[in-house]
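Okay, so chain A shows up in both of these, paired with chain B first and chain C after.
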Partner chain A sequence: MLKYLFAKNEDIAPGTAAVFFGFSSIIWFVIGTGLGSFNAAKLAFPDFVTGSYLFSFGHMRQVHVLAVIFGWISMAFAMAMMYITPALGNTRLWSEKLGVWNCFLWNVGLSLGLTLLWTGMSSGREYSDMPWFIDLYIAAFIALPMAINVWMTIIKRRTQGIYTTNWFFGAGVFMVTIVFIVGNSPEWFNLTGLSEAYLTWWFAHNVLGLWITPIAAAIAYYTVPKVTGNPLYSHRIGHLHFWSVVVFYSTPAAHHLMSAPLPEWLKSFASVEGVLILVPAIAFVSNLLLTMQGKWHMFVENVEIKYTITGVLLAVPLNMQGGFQQTRAINWYVHGTGWIVAHAHLALLGFSTFLEGAAVYYGLQTILRRKLYSLALANFHFWFLLIGFAIYWISMTIAGLIQGAGKIYEVPYIDVVIAEHPYMIARWVGGTMVFTGNLVWLYNMWMTARAGAVIPEGRLPHELAYER
Partner chain B sequence: MAWNFDKPLYSLTDESQNTAARKTWESESLGGITEDNNRLPQPVVWLLAATIVTAFLITFPLWGQRPSAAIFSEYVQLMDTPEVQAIADDKGKMDYIVKNVKDTKYKALQDRHPVEMDDLRMVKDQIIELNRQGVDLEEYTVVGQHVVLANFEGNMKPDGTRQRKQPWWDKGYTIDIFYVAYFCIAVVIVIKRLPHFSWQPDHSVAH
Partner chain C sequence: MMITLYFPTVDMTSVAATETGLRKQLSYGRIGGFSYEDPFLKGAGKPKTVVLSQDPKTGQPIETVEAYVYEAGIPFPSGINHPRTLGPGVKELSEGKGQIGQADHSQGAVFVVARDSDSVYVENATATRGWQPAEVLTTGGDANTHYVGSGKIMFVREGCWWCHTLLPEETQDWQYFGVPPRLGDYNGESPTAFGSDRKAPDLLHVGARNSSKEWMMMHFFNPRLVQPHSIMPRYDYLWGEKDGNGNAIDFAAWRQAYTDYREGKTVYPPEVPSMASQSEIRYLVDFVLSLK
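Right after this comes the complex of A and B.
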């Protein structure tokens, strides 16, 4: 990477930034899920690694969360943007050099930020835990350079129209910049009390709603038509999806604070909007599934489609859960329990990770022009990811219901802890399966770069997947 | 960007603009990825309509809203009766109070907001003081150990001040109805600016 930082832009091959982002994202995924597995072990076996502040759950938890969000998910997004945006504009990335610098500074900043979090320097606000100077660093050296590269590539495109994916990309990088800056304002302006709580959850909600959800969906809008050869079913449904994400997903942040003394009208508003998040979900899922017409065999045979469609299908339970668990009746029962942990993992490890996985698999093969080293290892990764995630999700959902019942019926806390124990072990098993699958993935993609068969000019990687 | 209002549900765009859109649509390969001009499938439209209706229906009863001071008023009055004083333990006192409240209007709300004797002791003096002032206790909310003026903005009272009770229509839902209506209108406009769905692009033109 270092040699590219100081090379001339025209001497850097197209896709270089995407490759660096792709491998960085997989490495951060391994680190993030490794930390997750470690943390889950601490919850399952209370005597596991004790006596050190650094390895206590309170120090480790946010390192896991932010390594996954900023490292895995967002870097996979950056990877997808760096190769899909130019491809859809029939042009080159506006600046490969900026992309490489972006990737370098991202890795440096994230490593620094997570180290500080690990040592205990935290703003103490969930999902925006980084200290204020790291927040400024992220805005200046991570979000803004990425946004400039995406926007300039769209502006410099050689097509007249802007395909749905690029529309989502362009809007997503704009929205996340605003969300990040406004969402961190309590720290910069010393806001306290309800204002701080509301803005913290406004940030946490909109990072999901206006960054992770639309960008993951945008990737699916690219991979499914590209790999199946079917055109996207409907431009109109794409419009419905885009505008309903912007309108309905940006408004219900208050549903995270249904028991707080926020104005009642705001909670009513947030509650209705929370259910209406089903609108973009219905539009997205129906558009992608209808695009699959006549190509459903690829859901079984093709790695990229297997990942993408699994992610698309997981959007259904995700949004059903999300929409209904924020109504007062259900929120009252599940708030603060493992149910919510299960839901968060359905969003990030289920829905979005499968879509990003497809983008990284497909993107690295396309840019490196190398056939996947081992299809068997890719399938191993898929099933370990899916089964591991399912074990995690189901066990934590059940655990959440037990905790909810314990809370409502005033069962002594220690009895709830004992009842949770088998589910905590199941969580650790599921999380460890995901981690193991990711190690295999890293090896597979490394070997693809080193020893994968070269893809001939004019062919696409998925066309060759089953040729020997 | 000419507009055509002859058949608003058919197309809002004039023919020359439609022709230009079709040309762009068909002549750009977008790296081999293209998109069709299919309408929203009817089941999807019905699903969306059902989602909007469901959203309003399931969130309408504001289950679990913070308790007004009025629902504990009779509890507080019963606290000092000789019958309650005669009971030795707090749990027994509370059970007696809950069984002997007469004002059934608040029964459901009292069930939703169970309290203990210690909770009542913290708000007792404040509720007695508000009763002495003759204010409407439904306009006061119990937040922890404090009894405070509720933050509802309900109907106007004859004296020009706001009623501090949750109005049946609730402001949040009113905003929502307008918000959803604007969204639906805007989406129809966006979609009807595209060429009509009876036309499908021929993607082979670009290749």
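Right after this comes the complex of A and C.
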């Protein structure tokens, strides 16, 4: 990577930034899920590793969360943007060199930020835990260069219209920059108390609603038509999806603070807007599943479609849950329990990870012009990811319902902890399976780059998946 | 985005701080996350809470009062630096009768929460009663001094709030874990550290449920000493190198003795080392016991 940082832009091959982003994202995924598995072990067996603050759950929890969000998910998004945006504009990435610098500074900044968090330097606000100078770094050297590169590529495109995916990409990089800066503003403008709490959750919710969900969906809008060869079922529904995300997804943050003394009108408003999230969700899922018409065999045969459609299908329970659990009646029962943990993992480890997995699999093969090293290992990864996630999700949902019952019926808390113990072990087993699958993925992609069969010019990777 | 960003923020600034809100921000001090005076969240640069039952100036007995001591150089909390944070009414009283405008952080100051008919406000006791930080600390003594502000830092740094919320849910919780907070209870507090995922009991009023310092010590050193089924991590490293008597703590020997007890080789578990006066565990216990 270092040699590309100071090369001339013209000397850098197209797709270089995407490849670096792709491998970085996989490595961060391995790190993030490794930490997750370790943390889960500590919840099941509290005396697992003790004696130092470095291995304390409280120090590692946010490192796991942010490594996954900023490392895996966002870098996989960056990877997708670096090759899909130019492909859809029939052009090259605006600046390959800026992309490589972006990737380099991203890895440096994230490593630094997570190390500081690990040692205890924290702003103390959930999901925006990084101290303010790291926040500034992220805004200036991670979000902004990515946004500029994506926008300039869209502006310099050689096609007439802008395809749905690029709508989402262009809006997503804009919205995440605003959300990040505004969400972290309490540290810069002396916002305290409930205003700060509200902004913290406004950030935490909108980083999901205006960054992770739309960008993940945008990937599906690209991979499904590209790999199946079917045109997108309806661009009109795509636009309904886009605008309803912008309107409805940006408003329900207060449902995270239902029992805080915030204005009642705000909480009711958040609940109603939360249920309206079903509009973009139904638009997205129906559009993608109808695009699959006549090509459903590819759901079994093709790795990328398998990942994408699994992700799309997981959006169904995700958004049903999402709308459902922010109504006051359901929030009353499940808020603050393992149910919510399960839901968060359904969003990040289920829905979006499967879509990003497809983007990284497909992108690396296309850019490197190499056939996947091992289809068997890719399937192994898929099933370990899916089964590990399912174990996690089901066990935490049950644990959450137990906790909710404990909360409502005033059961002594320790009885709830005892009842949850088997599910905590199941959570650890599921998390460890995901981690194992990712290790295999890293090996598989590394070997693809090293020893994969070369794809001839004019062919696409999925066309020769079964050719020997 | 505009709707949800703009409206609640406007609303919040017209909220008057409650007595709880004033006590919280005066005992916690300035922001509770990363700051210049305490980058690695060690608990530095924070006020001390002293429970006084005699006037440090005259020595006369007075009704017990909590004094918040800001020694020279310790940054004042949000409400003193930005009185608008205190909310309408409280701001005017604090500036007029409380004379908070005269406090200078380079000289240090002592604050108390005062009451005027049915309003509460912050009183700068250094200006109104002549209480100097050093005098108050001497009068109170170590036993009556609580490191609540530094303890809040420990609570944030050690991630206690990943499992314990500071916000009873809008359910029967309000009978079980205590009264719900009110709108002005958080003025000037940062971070609020509500927590979101409750793997353990709510702590907003834990000091009212359990005020035993000894129980807390055992619980933090090894939670399974007081609750065999607890999944809480051990926080024995917060004790530091030395115990309250200045002797080095032998963690390996303690753990060996504890293992022997767990295996039934001894009848009693080993004694938990006492807390040193300026240790992180002392800060944390003081904070937890202040949650009433």
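By our rule, the second predicted complex is superposed on the first by the 468 of 468 C-alpha atoms of A that agree within 3 Å, B and C clash if a C-alpha of one lies under 4 Å from a C-alpha of the other, contacts with A are read in each partner's own complex, and residues count from 1 in each chain.
Methods note: contacts are C-beta pairs under 8 Å (C-beta built on N, C-alpha and C of every residue); 3 or more make two chains touch, one makes a residue touch a chain.
Bear in mind that the values here come from a model prediction, so they are computed numbers and not experimental data.
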| item | value |
| --- | --- |
| Partner contacting more residues of chain A (chain B vs chain C) | C |
| Partner chain(s) touched by A:Lys42 [first = chain B, second = chain C, both, neither] | second |
| Contacts of A:Pro261 with chain B and chain C, given as first, second, both or neither | both |
| Which superposed partner A:Trp332 touches (first chain B, second chain C, both, neither) | both |
| Which of chain B and chain C A:Met121 touches, first, second, both or neither | second |
| Touching partner for A:His239 - first (chain B), second (chain C), both, neither | first |
| Partner chain(s) touched by A:Val279 [first = chain B, second = chain C, both, neither] | first |
| Partner chain(s) touched by A:Ala253 [first = chain B, second = chain C, both, neither] | second |
| Intersection of the chain A residues that touch chain B with those that touch chain C | 251, 258-259, 261, 263, 266, 269-270, 332 |
| Touch list for chain A against partner chain C, complex | 42-44, 46-47, 50-53, 56-59, 61-62, 119-126, 131-132, 178-179, 182, 186-187, 190-200, 202, 206, 250-251, 253-254, 256-263, 266, 269-270, 332-333, 335-338, 340-341, 403, 407-410, 413-414, 417-418, 421, 424 |
| Residue numbers on chain C that touch chain A, as the complex places them | 1, 3-5, 7-9, 11-13, 15, 21, 25, 31-34, 39-41, 78, 81-82, 85, 156-162, 165, 167-173, 175-176, 180-183, 185-201, 223-224, 227, 229-237, 251 |
| Interface residues, chain B side, partner chain A - complex | 24-25, 28-41, 44, 47-48, 51-52, 54-56, 58-59, 62-66, 143, 151-153, 166, 170-173, 175-176, 179-180, 183, 186-187, 190-191, 194, 197, 201, 203 |
| Residue ranges of chain A touching chain B (in the complex, touch as defined) | 87-88, 90, 159-161, 163-164, 222, 225-226, 231-240, 243-244, 247-248, 251, 258-259, 261, 263-276, 278-279, 282-283, 286, 290, 323-324, 327-329, 332 |
